[in-house]
Amino acid sequence: MSLTLAAGGRRRRNALPGFGLTLGITIFVLSVLIVIPLGGLVARAASLSPSQILSILSSPRVFSAFRLSFGLAFIAAVIDGFVGILVAWVLVRYHFPGKRILDSLVDLPFALPTAVAGITLTALYADDGWFGAPLAKLGLSVAFTPWGIFVALLFVGLPYAIRSCQPVLADLEREAEEAAVTLGAQPAQIFWRVILPQLFPALLTGIALAFARAAGEYGSVIFIAGNMPGISEIVPLLIVIRLEQFDYAGAALLATTMLVMSLVILLLLNLLSIWRSRQYV
Amino acid sequence: MSNHRRPGENRIVRFFLIAAAVVLLGAMLVAPLVLLLAEAFGKGVAAYFDSFSKPDTVSAIIQTLLIAAVVVPVNTVFGLAAAWCIAKFNFPGKTLLVSIIDLPISVSPVVAGLVFVLIFGSRGWLGPFFAAHGIKVIFAFPGMVIATLFVTIAFVARQLIPLMQQQGRDEEEAAMVLGAGGFRTFWYVTLPNIRWALVYGVLLCNARAMGEFGAVSVVSGHIRGQTMTMPLQVLALYQDYDSVGAFAVASLLAFLAVVTLVVRRVLEWRFRAELGYAGSL
Amino acid sequence: MGLLSFYFSTKGNTITISRILLVATALVAIAPAARADKALLNASYDATRELYADYNQVFAAQWLKQTGEKVTIAQSHAGSGDQARAVIDGLDGDVATLALSYDIDAIAEKAKLLPTDWQTRLPNNSAPYTSTIIFLVRKGNPKNVHDWNDLIRSDVKVITPNPKTSGAARWAYLAAWGQVLKSGGTPEQAKDYVAKLYHNVPVLDSGGRGATNTFVQRRQGDVLLSWENEALLAARQLGQDQFDVIVPSSSILAEPSVAVLDVNAAKHGTAKEAEAYLRFLYTPEGQDIAAKHFFRPRNAEVAARYAQNFADVKLFTIDDVFGGWKKANDAHFIDGAAFDQIYTPSK
């Protein structure tokens, strides 16, 4: 397999120009901008002794921050996934007034600065806010609790989930559904058996992207979180706190740990898309 | 017979799905936007426009435009180069390269800022070298550009790679066989095929570059009237108890987001075939 | 620019694209001219935004009159620790005006931008104005908060920033600890008091200004435990009728420090201006501006003029209660020290 690929590549390289130049630019930019800086980060973290590393990572506060950041990001991403299917479905299949506007707004969290999102969401969900007041009457405080973090993560991850599902839903083959209809399948059956399986890989990609984005989120969360150690303190905040104490190695260690976890997510993501393209091409 | 339909065509189901989507998006996206505008215009239209005459705010807007003016072209060239070598050629390590391009999306903005402090800070690897030559990198324009480049590096490439992969290399090869040079082939064959995806990628990159908060905040130094960008200025004004000013600047960024998305809708609607799947994030 | 011009022209209002361009051109035109004159950068902390915005103009005018030289002062504000770190990493400030001497010590020690005995170079330990830690409560004091002991009642919620990241918060923490010792308590009782206090804190903002915003704009908590100047300013900015200032029986004398960053100033050729900039803070005029912004002036005459702003509090210093910043920091704020122990999950 790899042999034929390489041979194919060589033949093509003769046909199309610019391989060396473009690959050179790509590798240069990626090295200077991403690989070397991140390498420096890892090197700084590695300057700590194994026992120091162990004692930092095993502290209960660090542990609970990781659990909070990654746990909430995961739950928020999954919920974004479900909202994503619903919204994508409605935007693709139905026509109703205001649809275009709604569709345009989906990407808002993507382009809005995170600090602005944080300030706005905090104002909305504080106990005297538009949403916070009624929720507070029900006895649920959102802003300045882990719920607030959850709301912020839901917000930043949403466009990834919706936009991953939308094109796939739009391009679903009508024939399969119509065949199922003629065979007498119920709508619910068709949804579960015909549509969802085709949508599933895209949904997973969307969830993974939303998760990756949410896990590292800082700007919007610090405003709404309350930042209580062990309760609503996220990993990026711990990194900032270490920096303020001039503990660069400790900050680099936490950053590296986040990075490794992100890398694992990305790897899974790419495996997922490979798996998807093998199945559906 | 009433059951023999494609799923979601039942009138009641359809009504509830649309209602659910509208309510969800309304609460998650429209409400923050409305609150933002309500705050921005809270003291009247005159106060809103007055916010843009403050020198510090004007300088922040200019600074943001300048950063975008450097970042967007660099990332466009990089995106084209990366997409060309990745989509049109086969070589070992390609998957790794794609993963590295994706990496910044899942790196916490705080970490993105931190890595450049570690390198260009006074006590970093390259900091003393640049300082000795009188070049300010960090806490100055170059540092903010680099941090923004890092955060936005994937956007153009991500739009182009799937599309160019899908289009293959037959057309370019034909042009080469007919005697067109490499550059002519790119200019007259490849570029027209990808132009709308490229435009959209550039717009996304631009929106994100202007809206980046976390990473830029770490490397900016917050010098008023000099190294403040629009998102940083929003926070500064907010903390100066000038919420009209803060939300007015924020509304510009939100507006930019919406314009980006509207342009994308229009492009997608008119050039759907050309955009293909690439329209997704 | 295209998107912006679209925006402005469709709004068709006071601000047009041409006006923005005009300002832009003006700025570009001014920039080189300003660079030919002297430019100072003041790396300061959150609570001095309004003070230095005012002071810089007065000083520049005064300096122009006195020497004929034009000087422009740029400001950078963030949390005090954050600023110290930025300066150490290369933020090119000519002077540092930070919330606590410990942060300037860190600059002297780690980046060697000034000698370690910098505090002796200016009068009053290089702290031209002082402040203290007081309480801001909602109008009418609905929770009946009068002194430190009310803050640990179970029905009172206190807003104060995180001492790990905020200078104001460190002063507040030490004030809370110190007043127990000053009223005859043991260190154990102080520790117990502070733990109870922080269990009443529902939100730990990373900076002083963030905490003030949480209290006044987001209406969280019953008491804001913060700088006197910050509390008085917030009360003024956001309406006298919304807040009351409560002065505890005793509190800490907070001495925000100022220093010339010698190495940077020498590099920029601004050593003389930087020195004058800080010394002017000690003049009656400088003291007056500080007092106007609710910092306690050192100058007795000025202090007398603004006496109605500053309540009489028994003040203790960090040196006599904690033996200085270095000791206080090691005992309370480093990793695993007293502050962290409050949050070790034994509760």
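Order of writing sets the labels: A, B and C. Residues in every chain begin at 1.
FYI, a residue touches a chain if its C-beta (ideal position, glycine included) is under 8 Å from a C-beta of that chain, and two chains touch if they have at least 3 such contacts.
Treat the numbers as computed from the prediction; the structure is a model and nothing was measured.
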- Note on the structure: So the chain most remote from chain B by C-alpha centre is C
- Query: Two chains share more C-beta contact pairs than any other pair here; which two are they?
  - Reply: A-B
- Between chain A and chain B, what's the gap in Å when you average each chain's C-alpha atoms? 16
- Query: Centre to centre, by mean C-alpha position, how many angstrom separate chain B and chain C?
  - Reply: 35
- Any chance you could list the residues of chain B touching two or more other chains? 238, 256, 260
- Query: For chain A, which residues are shared contacts with two or more other chains?
  - Reply: 123, 240, 243
- What are the residue numbers in chain C that touch two or more other chains? 88, 110, 210, 217
- Message: Help me check something: in the complex, which residues belonging to chain C touch chain B?
- Response: 1, 3-4, 6-7, 13-15, 20, 23-24, 27, 41, 46, 49-50, 74-78, 86, 88-92, 110-111, 209-210, 213, 217, 234, 237-238
- Task: Using the touch rule from the top, collect the residues of chain B that touch chain A in their complex.
- Result: 3-10, 13-14, 17-18, 20-22, 24-25, 27-33, 35-36, 39, 77-78, 80-82, 84-86, 88-92, 95, 97-111, 114-116, 118-119, 125, 146, 149-150, 153, 169, 172-173, 176, 181-182, 185-186, 204, 207-208, 210-214, 217, 230-231, 234-235, 238, 246, 250, 253-254, 256-258, 260-262, 264-265, 277, 279-281
- Message: Could you list, by residue number, the parts of chain C that touch chain A in their complex?
- Response: 79, 81-82, 85, 88, 106, 110, 162, 164-165, 201-206, 210, 214, 217-220, 333-335, 340, 343-345
- Message: Applying the document's contact rule, which stretches of chain A touch chain B when the two form their complex?
- Response: 2, 5-6, 8-9, 12-13, 15-19, 21-23, 25-27, 29-30, 33-38, 40-41, 44, 83, 86-87, 89-91, 93-94, 96, 98, 100, 102-117, 119-121, 123-124, 130-131, 154-155, 158-160, 163-164, 166-167, 171, 174, 177-178, 181-182, 184, 186-188, 190-191, 195, 209, 212-213, 215-219, 235-236, 239-240, 243, 248, 251-252, 255, 258-259, 262-263, 265-267, 269-270
- Query: Okay, in this complex, where on chain B does chain C touch?
  - Reply: 45-46, 49-50, 52-53, 55, 58-59, 61-62, 65, 117, 120-124, 127, 131, 136, 138-139, 221-226, 236, 238-241, 243, 252, 255-256, 259-260
